[in-house]
Amino acid sequence: MTAKVAILGASGYTGAELVRLIATHGQMEIAALTADRKAGSTMGEVFPHLRHLDLPRLARIEDVDFAGLDLVFCALPHATSQQVIAGLPRGVKVVDLSADFRLRDPADYERWYGKPHAAPELQKEAVYGLTEFYRESIRPARLVAGTGCNAAAGQYALRPLIAAGVIDVDDIILDLKCAVSGAGRSLKENLLHAELSEGYHAYSAGGTHRHLGEFDQEFSALAGREVRVRFTPHLMPANRGILATAYVTGAAQAVHDTLSQAYAGERFLEVLPIGELPSTRHVRGSNFCHIGVVGDRLPGRAMVVAALDNLTKGSSGQALQNANLMLDIPEHTGLMLAPCFP
Amino acid sequence: MTAKVAILGASGYTGAELVRLIATHGQMEIAALTADRKAGSTMGEVFPHLRHLDLPRLARIEDVDFAGLDLVFCALPHATSQQVIAGLPRGVKVVDLSADFRLRDPADYERWYGKPHAAPELQKEAVYGLTEFYRESIRPARLVAGTGCNAAAGQYALRPLIAAGVIDVDDIILDLKCAVSGAGRSLKENLLHAELSEGYHAYSAGGTHRHLGEFDQEFSALAGREVRVRFTPHLMPANRGILATAYVTGAAQAVHDTLSQAYAGERFLEVLPIGELPSTRHVRGSNFCHIGVVGDRLPGRAMVVAALDNLTKGSSGQALQNANLMLDIPEHTGLMLAPCFP
Amino acid sequence: MTAKVAILGASGYTGAELVRLIATHGQMEIAALTADRKAGSTMGEVFPHLRHLDLPRLARIEDVDFAGLDLVFCALPHATSQQVIAGLPRGVKVVDLSADFRLRDPADYERWYGKPHAAPELQKEAVYGLTEFYRESIRPARLVAGTGCNAAAGQYALRPLIAAGVIDVDDIILDLKCAVSGAGRSLKENLLHAELSEGYHAYSAGGTHRHLGEFDQEFSALAGREVRVRFTPHLMPANRGILATAYVTGAAQAVHDTLSQAYAGERFLEVLPIGELPSTRHVRGSNFCHIGVVGDRLPGRAMVVAALDNLTKGSSGQALQNANLMLDIPEHTGLMLAPCFP
Amino acid sequence: MTAKVAILGASGYTGAELVRLIATHGQMEIAALTADRKAGSTMGEVFPHLRHLDLPRLARIEDVDFAGLDLVFCALPHATSQQVIAGLPRGVKVVDLSADFRLRDPADYERWYGKPHAAPELQKEAVYGLTEFYRESIRPARLVAGTGCNAAAGQYALRPLIAAGVIDVDDIILDLKCAVSGAGRSLKENLLHAELSEGYHAYSAGGTHRHLGEFDQEFSALAGREVRVRFTPHLMPANRGILATAYVTGAAQAVHDTLSQAYAGERFLEVLPIGELPSTRHVRGSNFCHIGVVGDRLPGRAMVVAALDNLTKGSSGQALQNANLMLDIPEHTGLMLAPCFP
């Protein structure tokens, strides 16, 4: 059986990454691709690295025939996503890659995104898309909300530790190093090569980054009480990769044991031997997440470092993994590409 | 049917790239991996990006049981390669990625590589591995010699033009831009990040680069007389990619027509519409080669630009493509990975 | 004596580079800085690397008091430059960094820049700013037109050779490798880090790049007849640096001798020993141009490679060098900064 | 007056950086340069970016005539440095850039560097070289020990806060992002461009990095009791720059006030307005350190971020600043170069 899918917003990096992954999937057919401003173009014109693929021409959303589609990947900007998904036929499953359905409480959405949620009814049925932790809810879902890429990295480092109570939830610091493709293909001065290369800086510091909404929601639910982490992202001179360095209060061995057990059966989450540290370059272009644990010289303090590719495990790979579940396709299909190094 | 293969010299970049490609191949099993100095290590220790794969431990060559193997990829340094291949059982097929069997005339080998050829008898049966031009000889071959990565890029740009006589063979300039992984994983000062990044320079200029041996051999054979191109490589601050800019005397339209026709049936060689130019980033991590043709303002002068990934189409991808032919597996198997962009 | 200068268009890279250089000049005071859209900002807000300097706030051009100024650097976009300079008081000297006054014949300007020249009278008094070749005209000039950065690199490699007749002027190929800061701080998709890093490509190929207008003008004047070179720029994943690889027909020794003699007294133009090749990283951030010559294995063919920093020797350093001449300040003042490596 | 200096170990990056800075100093003459393995070479052969300078040829240390020298910069590897400095004539002042004299207690040296100190008597007279805090001791010193580059960055962020008691000294986390030139010009696999570019990772984690010896020594002395910070460096794909992100428990406004007052008279230490964050690219190639403070959403928690160039303010710039003090030359001489951006 081949599932028919559409990708809305195919002219951005997450759209292109979906196409790249689906190209070797084998059980999925791309029936429609949309990109409003570039409608009429071929995908090869917009992304020459995909020119060898036989793909439908980019169309406007209103020109897509959703009948017969099994699933829609929605890679549109937030706010737009809500409106478009609200207008889709009920029979089609949806994996949304935007921020629009990540926060269960519409009030949280309004607080972090600065405007009221436009589709609160849809929000109720949305399932949070961190696959390994919501697998059973994702399988039957109609609408799955992809997580933020930073939020994914941080949660892979910390969720089992909070759930197991092996760390102090009131003393968690997440120092993230993020690649530039996470900011998308938008024309901003600070994303220019001449501005970004050869340097690094913190941004959205002090508790203002929107992915904190996800951390607050998820970590508090796990702990059964309010959890507020300190989280600072730093922009790196590289295209792909998130390195999440989590400083925790807890015993390193217990931290390592807990993560190892939690992820023992997970194909994409690899816990390294204690004391070893991951690198973003070793997961580049893949759906893998490498996790390392090191104890500090200060007793009872440890560090967890998680590395993933923001475009793959952090967004489009996760989206495909969820789509596989929703379509009853083996979960890892199309996702076993080895990282591209060097 | 699954073919059993070994990779000799698996601790280098071409060895790792072979493993990366074979990981999604489906009809090939890696039965042995060797790396003399790192024997005893796992592949994941040497290349953490491959740690998710279930692979044999690195061994010394003398500890490999070649019985039962269908094919050996030899990714050893030149000179070493000759000796090792000469000692392999006759029944196993060999794809060599070194320079040792590229030049048909042992005198040419000695001239370009500075020492006598150690296995001239083996040289006689070696087939030059530029797949699209030697396919019928490669299929039944026992020993195939992978081409130089620069040599591949230059030949894709020029072979059909020389064969068809649409350019002046006495006036060909090849200005190459090459990524650093082509130099391998060796410890040289000029390959350090601090030395290489943020700048570029020409090297092996003036007709001294060893890949000229291949150009001379192949282009002269095509033209039926001696052809000597001018060829200068430049080292780029990037990890993957060769961009070959060929300046030729000939009509752009005839050049474009000739290349388009020659490569019409080729899955991996894509001739862009006339006037469009390729980029290495759009073939990164893939087996594709993109080729562009532009006419100069000076009548009768044109430019051909070919872009490929030196580790894939330029070496390990080519090696796998040839191995597929030799093992009677569909030629493109394991090679349809889309480029990894951005 | 301290000269008072203004920089118009100070929010671009060439404007910032002028400020960086003038900061250690010692005989020049920046009395005004303009940037229309960013008027009112401090320079430190627009370029935080200059925040330690005591500089005038960015103003609009119409708010600048040009009385009392000795010289104006005009780092505005072409076309705008013509209009602004036409409105400046006659008493102030001008160094223009745009393309507006580089081509002596207004018809050439219209051909290459697509619109009629708006100040043809001013053009008549403009001196072409390639310092080492127009020094005596620059000294007394009121208006000096800075050269294109690519045009500077190509001319340093070739002018003495054409003038001396040691190469065939009908067979010159200039293959340039250019850094991204040459494209300015403008918001274009292809200048994004995610689009540009890790790859390279040719652009404006086939004789369409505007700097050809300068090559045509200058080389033809030197040769006493029409000279048309073949010139292709390639965009590099780096911020600073032009490497001009010139393929010529001529004897390498004569080429080297000619360049060595021509530049013997020049402080900023260094001809390397024959056979050695320059690198852009070794001139980064400086006003030096390194030039190498290598003979080809084909007799009578040679290669000249020139490396300079597009923002310094290619534009703002050149501009300051010319300003020094015009203001009767020692020519090298403020320009002896050593390159910044690594 | 011109001071005569020698640079021992001039073939490394800190040696080259000293030469670059001294080139525009004006009151310092380089009388000798040494590099054991490269003795006999010119500096231009070892570092082509310095080829325009008139410098003494590289010599062996034993061939240097130290008579008549005012000061020696010792840029040798640690352990070697102790031996060489012990053999220098007493009359010559010494600025050491190695780790050999940073730790006042020889037992600390042995613990962090794994071997006994070879010159404990010399250690007694060594002054720790963090200029702004040891200025009065540096001025009359005979031997000044340059700080670690990471240690400098961390101390600029934290010293005034510890001294003033505005943060909890038992809860300090230093997450550093370090450029590759800090590792020197040594041939290590992980420093290759192909290994390092496009990714990032933590190293020497868990309290094992040697610069912790300096933090322990200095912070404990300031606090009047033992202080142990948590410190993790991360290797960045860039050549220059350290970004120190310090997570502290304390009020952001008090933190900002304390730093602002402490550094009010310091020419090279710039505290940004509260809420603004520095970037390494804006201090690249310069002696400046930019420091930002942001309060967290969690009350009583703040973040201090310091950015400096590891080769300049982190080592060679600091060394020159100290040498100026020791030689009674104005402290900032040769150090006012503006950062090189982009």
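Observations
The letters A, B, C and D name the chains in turn, as written, and every chain counts its residues from 1.
Heads up, the rule we're going with is that a residue touches a chain if its C-beta (ideal position, glycine included) is under 8 Å from a C-beta of that chain, and two chains touch if they have at least 3 such contacts.
The model shown is predicted, which means the values in this text are computed figures rather than measured ones.
Shared contact partners of chain B and chain C, listed by label, are A, D. Measuring from the averaged C-alpha position of chain A to that of chain C gives a distance of 45 Å. Put simply, the C-alpha centre of chain A and that of chain B have 36 angstrom between them. In chain A, the residues that reach two or more other chains under the touch definition are 13, 181, 194-195, 197-198, 237-240, 278-279, 281-282, 284, 342. With chains as nodes and touching pairs as edges, the resulting graph is complete, every pair of chains being joined. On the side of chain D, the complex with chain A involves touching residues 173, 175, 177, 194-195, 197-203, 205-208, 212, 228, 230, 232, 234, 236-241, 243, 245, 247, 252, 275, 277-282, 284, 292, 294-298, 301, 303, 305, 307, 342. On the side of chain D, the complex with chain C involves touching residues 13, 16, 19-20, 23-24, 47-53, 181, 197-198, 239-240, 267, 270, 278-279, 281-286, 288, 290, 336-342. Residues of chain D touching chain B in their complex: 13, 180-181, 185, 187-189, 191-198, 237-239.
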